[in-house]
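As written, the chains take the letters A, B, C and D, and residue 1 is the first residue of each chain.
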Amino acid sequence: VIEHSSTVRVRYGETDQMGVAYHATHVLWFETGRTELMRAAGLPYAELERRGILLLVTDLSCRYRAPALYDEEVRITTRVARLGKASVRFEYFLFNPAGRLLADGHTELASVGRDKRPVRLPEDVVRKLS
Amino acid sequence: VIEHSSTVRVRYGETDQMGVAYHATHVLWFETGRTELMRAAGLPYAELERRGILLLVTDLSCRYRAPALYDEEVRITTRVARLGKASVRFEYFLFNPAGRLLADGHTELASVGRDKRPVRLPEDVVRKLS
Amino acid sequence: VIEHSSTVRVRYGETDQMGVAYHATHVLWFETGRTELMRAAGLPYAELERRGILLLVTDLSCRYRAPALYDEEVRITTRVARLGKASVRFEYFLFNPAGRLLADGHTELASVGRDKRPVRLPEDVVRKLS
Amino acid sequence: VIEHSSTVRVRYGETDQMGVAYHATHVLWFETGRTELMRAAGLPYAELERRGILLLVTDLSCRYRAPALYDEEVRITTRVARLGKASVRFEYFLFNPAGRLLADGHTELASVGRDKRPVRLPEDVVRKLS
């Protein structure tokens, strides 16, 4: 299993009037998690896109367990949960500095070409994410 | 079943460099859907909050079926799928102007007080959402 | 002077923990203002882009006078303040339902081609925005 | 003059269909700039807010000079340009990794209490930001 940890700091603009991070923000953090995992695996997503392969989110879930607070450093643990011929599933776990699980979830991504039609993940991508 | 339809227009800032609406935007549209359903049910969420009852998102899913494009009017059909003692589940269906299903999903919300502890949904709320 | 009014409703995710609309949100509302002005002038921006002409924001200002609150309907009055050979300046005034000025500002936009190089505004665009 | 540098990486969701960072995003980066300047000055904004002092943005400008691209590390140089009795003005300069100026701008912030009325900046704040 490929796993990677990165951190983000909760921005003021990401809070809402409940005084906590707005729930759509976690989706952005998931993106940061998989971007940094891919970079660490030697496969920057920007490079993949330059090669004409786009990863399109097809499925998303998030379970919110405790609020993330302004200016907190949130740790994102990301792992590749499943690797298909033309898709990849990432799982995410968000923790606050005290180690408390704030949220967890997943995204499923389809590999498509510039025309948005499915394409097989190249061999080197499969290898690096395995 | 309580059901309601509203529309949003895809903003430029909601697109990404794939040329489609970024996937976190759908979560904001879900919010618009339930806000307008609640307003139509005679229960503006802003009023509920003034009474000290907050609805906190605890669970979210979204399945993306087709991209939403810039400036398109997206129709959101929202319904109350389940009403618990201190929680409510909404389901959402997003359609483009041609009637094609773009995405569907759900959110589960917990009713909490200003201290973020669970509180029962007031009787009039239950009645209006039933 | 071409002038147009439209409205937006303050979304929950647009508020911050001060309990007011976050100040970057006004920039999105400005965009809604000019998009709707252009549509009303018979010149949908999406169409302009399909013709290969992009309007790129080069300058922005906003003066914040009073907070915009959650779920309020904000009225945006937009006008074309100046029309150059390859640029256009819009001015914006945001009002709350009570008619109070919440903020005002401007954006300057450059007309560029798909390669991001300056191009003259087509004649029909100039005419429709004059 | 107090000056500080920090970096942000352009997120996918911050791009738009022009293939560059959407112009409202720069406003969020300005916030990151001043937040990190204040932290470096021994004055985390979160702490200031806990003491009951809020900094409300009253004025904003940004001049866009070159596009910021996806996944680029943007360097933010922030400085305190003016310090009033109940206000502070920050200036920002955004650079890409090649050292090219992408944008510059300012924000003016008013110090207010929890009731949003102006309050003098405490002496230690003035000292740390001078």
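Basically, contacts are C-beta pairs under 8 Å (C-beta built on N, C-alpha and C of every residue); 3 or more make two chains touch, one makes a residue touch a chain.
Everything numeric here is computed off the predicted structure, so don't read it as measured data.
Participant: If you tally the C-beta contacts for C-D and for A-D, which one comes out higher?
Facilitator: Between C-D and A-D, the larger count of C-beta pairs in contact belongs to C-D.
Participant: If I average the CA coordinates per chain, which chain comes out farthest from chain D?
Facilitator: Between chain D and every other chain, the largest centroid distance is to B.
Participant: Rounded to the nearest whole Å, what is the centre-to-centre distance of chain A and chain D, using the mean of the C-alpha atoms as each centre?
Facilitator: Using C-alpha averages as centres, the distance is 27 Å.
Participant: On a C-alpha centroid basis, what's the spacing between chain C and chain D, in Å?
Facilitator: Inter-chain centre distance comes to 23 Å.
Participant: Find every residue in chain A that makes contact with two or more other chains and list them.
Facilitator: 12-13, 18, 24, 28, 31, 70 - these are the residues of chain A that touch more than one other chain.
Participant: Chain A touches which residues of chain D in the complex?
Facilitator: Chain D residues touching chain A: 11-13, 28, 31-32, 35, 44-46, 70-71.
Participant: Once bound in the complex, which stretches of chain A touch chain B?
Facilitator: Answer in residue numbers: 18, 23-24, 27-28, 31, 54, 56-64, 67, 105, 116.
Participant: Where on chain B is chain D touching in the complex?
Facilitator: Interface residues on chain B, with respect to chain D: 12-13, 15-20, 22, 24, 70.
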